[in-house]
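Per-chain numbering from 1; labels A, B, C, D and E assigned in written order.
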Amino acid sequence: MLLGQVIGTVVATQKESSLMGLKFLLVRAVDENKEPTGATVVAADVVGCGMGEYVLYATGSSARQTRATDNRPCDATIMAIVDQWEVGGEVRYKK
Amino acid sequence: MLLGQVIGTVVATQKESSLMGLKFLLVRAVDENKEPTGATVVAADVVGCGMGEYVLYATGSSARQTRATDNRPCDATIMAIVDQWEVGGEVRYKK
Amino acid sequence: MLLGQVIGTVVATQKESSLMGLKFLLVRAVDENKEPTGATVVAADVVGCGMGEYVLYATGSSARQTRATDNRPCDATIMAIVDQWEVGGEVRYKK
Amino acid sequence: MLLGQVIGTVVATQKESSLMGLKFLLVRAVDENKEPTGATVVAADVVGCGMGEYVLYATGSSARQTRATDNRPCDATIMAIVDQWEVGGEVRYKK
Amino acid sequence: MLLGQVIGTVVATQKESSLMGLKFLLVRAVDENKEPTGATVVAADVVGCGMGEYVLYATGSSARQTRATDNRPCDATIMAIVDQWEVGGEVRYKK
């Protein structure tokens, strides 16, 4: 998975029917220092996260390995809300 | 998924038979500020979008998780037409 | 899929048995202006294309969704020969 | 797979239920000279590795081909702890 | 697939049990001019190649489409030893 920060929302009413009911958020990928890596994805949210939160998101076929996204055309899914991460024993992020 | 803008059309008469009947569009990936990220893909259109529209497209095996693209060699599919997106509560794009 | 130009051929006699009978070509990925994007792949050819032609190729598991490449270790397959593409109503390539 | 170095830990209590019981580590991808390539991933650990160790990790659907990660939303899994690697007959890393 | 050159070996005794018996090599991706593209992967060898040889390797789920790697956590597999490749009718590499 990748570290990311939830930065926004996307509204799309005209869409593939199998996407109905899923909530999509704009997620900016970040590195271990919270610096943006340059990628921004639109990810399905299955954990109920809020704006600005740091999350873990999975991409590719792994993004469909949840009850909510099974067999749906999701290639990026937020899987967890991060409480804390450490690098070399030093806390780099704490919620 | 990724944000993209529909920028063109592609015509190809000599092709793999399983691609017959699908419409392919040129989509330029954009970031949350509508700036091109450098990638341009040829995506199947299953939602009927028009030139210049901002869309969400899925890549990889997720691109085949629609009725129209099931078991077809599609690695990029436009899944939704974007109405609006916001970053930090500010509207960055509105159709 | 991605736009590419067929630029060469590859000969390999010692190979995985399931690759037997497939023809592999060197394909240089290009953007909508026919400029190389920096990637060159070795793709299976299932449409019979010639040197210098512009093509569409699929990557990942989608590359195996053809009769010729099913269950074979192909991660890139040329799916179509491009006749023409347009950007913003302007023809950028015509065969 | 890719070479990487385990650089940290991630704690996330609010998460997709199918991730329960898996341990996730921050892994920095490195090249054959141990130089970071720029990518940092959050990978499931199925081999019990320690901080600072050099490892091999798989990405994509291959990350799910272990007993511990089968059918789980893991897109990166540490598969081995590296003892040594050589380039051109010269040892570049030895544990 | 991608063109690559075998540049080294990797030894890892503590590993996921399903990797037992597979040989892993360091492969540096190259372009059509034999110039490194910047990527180095650890690929399973199912064709018995030697140090310095130029090879074709597949990535992603295609890397598992061989008898030796089926259902194993391999995301990169060397599929062929290259005898020769040509660009625009000119030989760029000959074994």
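To be clear about the criterion, a residue touches a chain if its C-beta (ideal position, glycine included) is under 8 Å from a C-beta of that chain, and two chains touch if they have at least 3 such contacts.
These numbers come from a predicted model, not from an experiment.
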**Item:** chain D-chain E separation of Cα centroids, rounded to whole Å
**Value:** 20
**Request:** With chain centres taken as the means of their Cα atoms, state the distance from chain C to chain D in Å.
**Result:** 32
**Prompt:** Which positions in chain D touch two or more other chains at once?
**Reply:** 60-61, 63
**Message:** What's the contact topology between the chains, one of line, ring, star, complete, other?
**Reply:** ring
**Message:** Could you spell out the chains in ring order, with the walk beginning at chain D and its first step landing on chain E?
**Reply:** D, E, C, B, A
**Contact set on chain B toward chain A in their complex** = 1-3, 31-32, 37, 46-48, 56, 58-63, 65-66, 77, 79-89, 92
**Sites on chain A touched by chain B in the complex** = 7-16, 18-19, 24, 26, 28, 38, 40-43, 51, 60-61, 63-64, 71-76
